[in-house]
Structures are given as structure tokens and as C-alpha cells.
Amino acid sequence: MTLTALRYLGQGAGVTVMLAVAVILLSSALGMGLALVRLYGWPPLRVLAAGYALVTRGVPLLVLLIGCYFSLPYLGITLPVYGAAIVVMGFYFAAYMGEVFRGAIMAVPATQWDAGRSVGFRAFQTFRVVILPQARRLCVAPFLNTALSVVKNTSLVSAIGGWELVMAGREIGERTGDLMPIYLGVAFGYYLICFPLARAATFVERTSHA
Amino acid sequence: MPEPLPKPLVVVDRVDKSFGANRVLKEVSLTVGKGEVVTLIGPSGCGKTTLLRCVNFLESYDSGTISIDGETVGIRIGANGSRKARPDREVAAMRARVGMVFQSYNLFPHLTVLDNLTAAPVKVRGLPLKQAREKAMALLERVGLVEKAAQYPAALSGGQQQRVAIARTLAMEPSLILLDEVTSALDPELVAEVLDVVQSLAADGMTMMIVTHEMQFAREVSSRVAFMAAGEILELAPPGDLFGNPKNDRLRAFLGRYQAAHRI
Amino acid sequence: MDLAFLLRILPPLLQGLEITVAMTALALVGAALGGLIVVAGRRSRFAAVRAVTIAYIDAMRNTPIMAQIFILYFGVPEIGLYPDAFACGAIALVLQNSAYAGEIYRAGIESVNRTQTEAALSLGMLPRRALFDIVLPQALRRVLPVLGSQAVVILKDSSIASTISVAELTHSGKLLLDRSAAPYETFFMVALLYLAMAAIVLGAMKLLALRFPVRT
């Protein structure tokens, strides 16, 4: 494997990281909103939110990506590949992030609400000062695991023609025909990106089981 | 003329055990005769539960020997005094002859009461299921829980679960039963029903080693009581002597604290 | 939304669905069994076996299914074997999900209180007997919901085999899209079919959970 090939893969990995970061940010923001709606929102909205979560949990991301991306021209919208991918993946993972945040908030013992109210906090204050900080600690491990999933799923962007690590590998492969080491290199690239996330998640899981 | 000493069933000879840097048993020696009930009392952390768990090798011990009916527990002593661990098979076979009842009952939650009693006789001894069930029903009758046979442990009270646990050990026809704080996790009003069953076992001549906090019960059921503190047996005597005329200072302090706490 | 159109595209999509079901079922069984091997290796007495297993789990956890499928489909022919596309998809799914299943089994086993093992041992059961007859039944009941979610993941990941032209549901959808110029309806149907399959998988798991409840 030549140096240029490695550098090319490295660039692909860089794009993968940027895509992942964008998706994580978008899905976290949407997910937090989703969690709050499902926990404290107006009941009809809650039903909608639950339905949204159901759809994203049951339909493969690839199907959503292909479906949305190839539908757009017919609606007269032309979005760049990256933009479409980030939006679709952002909404897809928002459901997962929503579950992470909702689970963390629900995992804070109900007695903490009593504790907050009994010192005089109003409901919103109790949430902000007592519940949220504790939920923040509880959500780190599943958040990292979801982030890991985001990184791995950016590989699907290649299926709708976007250029990232897998696509970089395909291009080199088509040029040199040296497929096994190239794809092993691609896998290794993902391994390098994911490894710190996975280790961090395991570390948090282990230390929070006191 | 003193009664002839009962034939020794369990011989604990200078057993030492440490958990890391913490020495919990310091050259402890004790003999339990056939048909005897020996009770271990003492403050928390004195090693009484550890000693009990060494007898059926749920814990290994570092030096000294424990033997049941002449056979060393968990290890084999070579001709030159070397200690070799026994294979799983032999340890399991020994445990099948020794029953243990735990503080937290430890019934198998996914099996009915009846299946809890037949599991070991069928899987370990190879008893035919029909026979095992008949014996199990007889045992449930003995502990007064026949009507619960088809229920799951979760449906029973703590005292009932503990009585089933006792029946479960009896199903294996042990020659020795170890009871580790069997009433400590029970609500006070449920303690009596369990102690009654243990009393009836003693009356039938079952050899038992008991760890308990219930002094009154220890007094009533034991042949001899051992007071342990910091890994050593400080006094060993029949209950009348140990409770009525305690010689050891720490024992006196321990009993004094106990009586003060229970003077309600 | 043209209902006639939706009905017309259903037959070719159902052909793809057959392949999806076949690959998913194969992968479910493979991963369920593979997970047992993984958890055994993870809990082995031999440090070397544990190390190899942990490395394997790490590798599966940190690489996407697509990369694994590509390595199998494009890379393996270089050493003389020519697995067909379906096989590559199925093998990749099994390899990935055995690791996850193994970790799920492990979490279940470790969640069963140690005292259950002690009770079984003190009745004279051998350690292996205690594991299989007492701990494992309880462990599996506890992790049924998580296994159900993982099964749905396998179902969804089967769509990635479409990238190497396995004629499963997503691939059928893509072909129809090129031909019919109605991507919205086509993929709406595809999504509906996946949802139906996911619902069946989860329903089956719920039934299992009713038949084998956790009793504490």
C-alpha cells in the first residue's frame, strides 16, 4: 500500500469524522427536544414523537437515505449529498439520542424530585438543578455508544455517492486492483476512529457501577 | 459418669484463612460430633460465616485441614504433607452430602417450589423424577408447605421461602447441615416458623453447624456454643455454661451489649 | 399516492423481501449460536483465549458492517475463495452480531446473583451444571428484550448487503426506482415492509418473554 493511498484514505477518514460530528450535533439537539416532548409534552405531541421513534427504529437507515435522497429531485429540491446525508442521519439518530436522554432522565430516582421540592424548588428549578446534572452523568455511556454507531453508519453515505472513507477505498481499489489490503485499511481506519469512543464508553460503564 | 463423646463428624484442625492482607481465621480448631448442634456466635466480621463456608469449600482455606467423616474438604494431603486441590467432581460429591441454608434463601426463582426440591436429586444423584417428587412432597409436608408445591418462590413469604430452602437441602439427605444466619433477613414475626423447623431437625438427630444472632435460639437448640472474635474461638461450651457463666471478657462484653439492646 | 401503483410494485418487492427474510433468519441463528462461543471465550479460564475473544469483540464493535462485507466480497477472492454475495452478507452479519450477542449473554449471566451459583454448588452440582441449569435460564430470560432489539438491528443491517447487489428488499427497491421514477412511493412501500418485519420480530420476542418470564 503506497503512501499516497494511505494519505488518500486519511483524507477519507477526515471526512468521515466531520460527517459524524455534524450528525452527532444535529441528532443530540433534536434528540434532547424529542426526549423532553416524550417526557413532559402535550399528549398528542407525545404520541407523534413515539410514532417518530418507532419508524426510525424499524426502518433501515440505508432505505431512508436512498429514499430521501432520490426523492428530492422530483420535489424540485437539489441538495448536495453531504447536506442530505447529514439531515437524514441527524433525524434518524435523533430518535436514538432521544431514547438515551429520556432513559437517563427517567433513571434519576423519583425521590430526587421529592428532595428538590421539599427544599423549595419549583418544578423547572428542580429539573435544572437536581435532575439534569444527575441525568447528565447517567447518559454518558449510552451517548458514546450511539456516537460510535453514528461513525460506523457514515459508511452508508458511500451508498448514495458521497465521498468518505469507504468511497476513498473503492476509488483506490478500482485504480490499483489491490482490494484486500485496501479494505482492511478502510476497516482499520474506522477502528482507529472508533477505538477511543469505545474505550471511553467501557470506562464510563465500569466506573459508574459503584 | 460423663456420657461418651459423640463420634466426630467434622474436624476443623488449625485452619487459617486470609482475604488478601486480612487474616480472618487464625488457626481455628473445632470438632463437631455426630448428632451435635454447634452454634457460632460473635460480632460481625469475626470469621464465623467464613468458617462455615470453608466447611463446604465455598471458600478455600490457606492452611490446616477440615475433614468431614474422615475425608479432607477441598484438598488432598499427600504423603509428604503436600496440599493438592481436589478436582471439581470430588468437591461437588462432598457438597452433595453437606447441606447449606443461606441468609437470602437463594431459591431458584425460575423453578416452582417442587422443582426446586427435585432439581438436585434428579440432576446430581440421578433419581427418577417420580421418586424425587414423592420425596419432595413428603419433605414439604414436614416443613408445612405442601400447598405451595406448584407455586414460584416469588409468591411465598420470606419465612416460607426459607422453610423451602431447608427442605431443599433435606432432599439430598445430607449428613451435615450448615445454617448461615438463616433468620437474619426475615421479618420478626416470620422468624419463629423457621426456628421451629430447625428445632425439629435437631430433635431428629441431624448434625448441624449454625451461625446466628438469635441468642435465645442458640441457647435452646445447641449442644455447644462457640464464641468467636477476630478470627479465633475464645470460648466453647454447652449453652448453659456459656450464657449462664461466661468466662471470657470479650464474651461478657458481647453478651452485655446484646442484652442491653434487647431490653425493650 | 397511487394505490394501483403500490400494488403493482408489491410482487417484485416481495421477492426481495424473501431474500431479506432468509438472510436475517440465517444471521439470527448464526449470531445466537456464535454469541455462545463468544461468551464462553470471554469467560474462559485461559487468559490467551480471553484476550483473543476481547480483540475479536473490539474489532467487530469498531468496524462498520459495510467494511466487513467489502472485505469478504472484494478481498477474499484474492486468496482464492469466491463466496457469493448472499454468503458474504450473511457471514458478515453473523460475525458482527455474534460479538454483540456474546456481550449481551455476558451481561445477563453477570446480572444473575452469585448466590444462585453458590446455592447450586452447595447442593452438589458441578460448576458447569450450575451454569447451564440454574444461571443460564435466568440470564436468558433477563436479556430477551435486548436480544429482541439486536434482532431488529440484524434485520436492518441486512439492507447493507444491497451494496454488493444481493437481491434483497432494499436492492429491489433501488431497481424499481430506476425503472419507475416514483421513488417516494417505492421507498414508502419498502419502509412499510421493513416495519412489518420488525414488528413481527418484536412480537415474537414478546411472546417468548411471556412464555419465559423473569420471576424474582
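By written order: A, B and C. Residues from 1 in each chain.
Please note the rule applied: a residue touches a chain if its C-beta (ideal position, glycine included) is under 8 Å from a C-beta of that chain, and two chains touch if they have at least 3 such contacts.
From a predicted model like this one, the values you see are computed outputs, not experimental measurements.
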{"item": "Chain of greatest Cα-centre distance to chain A", "value": "B"}
{"item": "Nearest-to-centre chain - CA centroid comparison", "value": "C"}
{"item": "Chain centre separation (chain A, chain C; CA means) in Å", "value": "20"}
{"item": "Whole-Å gap separating chain A and chain B, where each centre is the average of the chain's CA atoms", "value": "54"}
{"item": "Computed distance of Cα centres, chain C from chain B, in Å", "value": "47"}
{"item": "Complex interface listing, chain A residues touching chain C", "value": "54-55, 57-64, 66-67, 70-71, 74, 148, 152-153, 155-156, 158-159, 166, 169, 173, 179-184, 186-187, 190-191, 194-195, 198"}
{"item": "Residue ranges of chain C in contact with chain B within the complex", "value": "115-116, 118-127, 129, 133-134, 137-138, 141, 215-216"}
{"item": "Residues of chain C that touch chain A when the two form their complex", "value": "58-59, 61-68, 70-71, 74-79, 152, 155-160, 162-163, 170, 173-174, 177, 181, 183-184, 186-188, 190-191, 194-195, 198-199"}
{"item": "Contact set on chain B toward chain C in their complex", "value": "56, 58, 88-89, 92-100, 102, 104, 106-110, 119-120, 123-125, 152-154, 168-169, 172"}
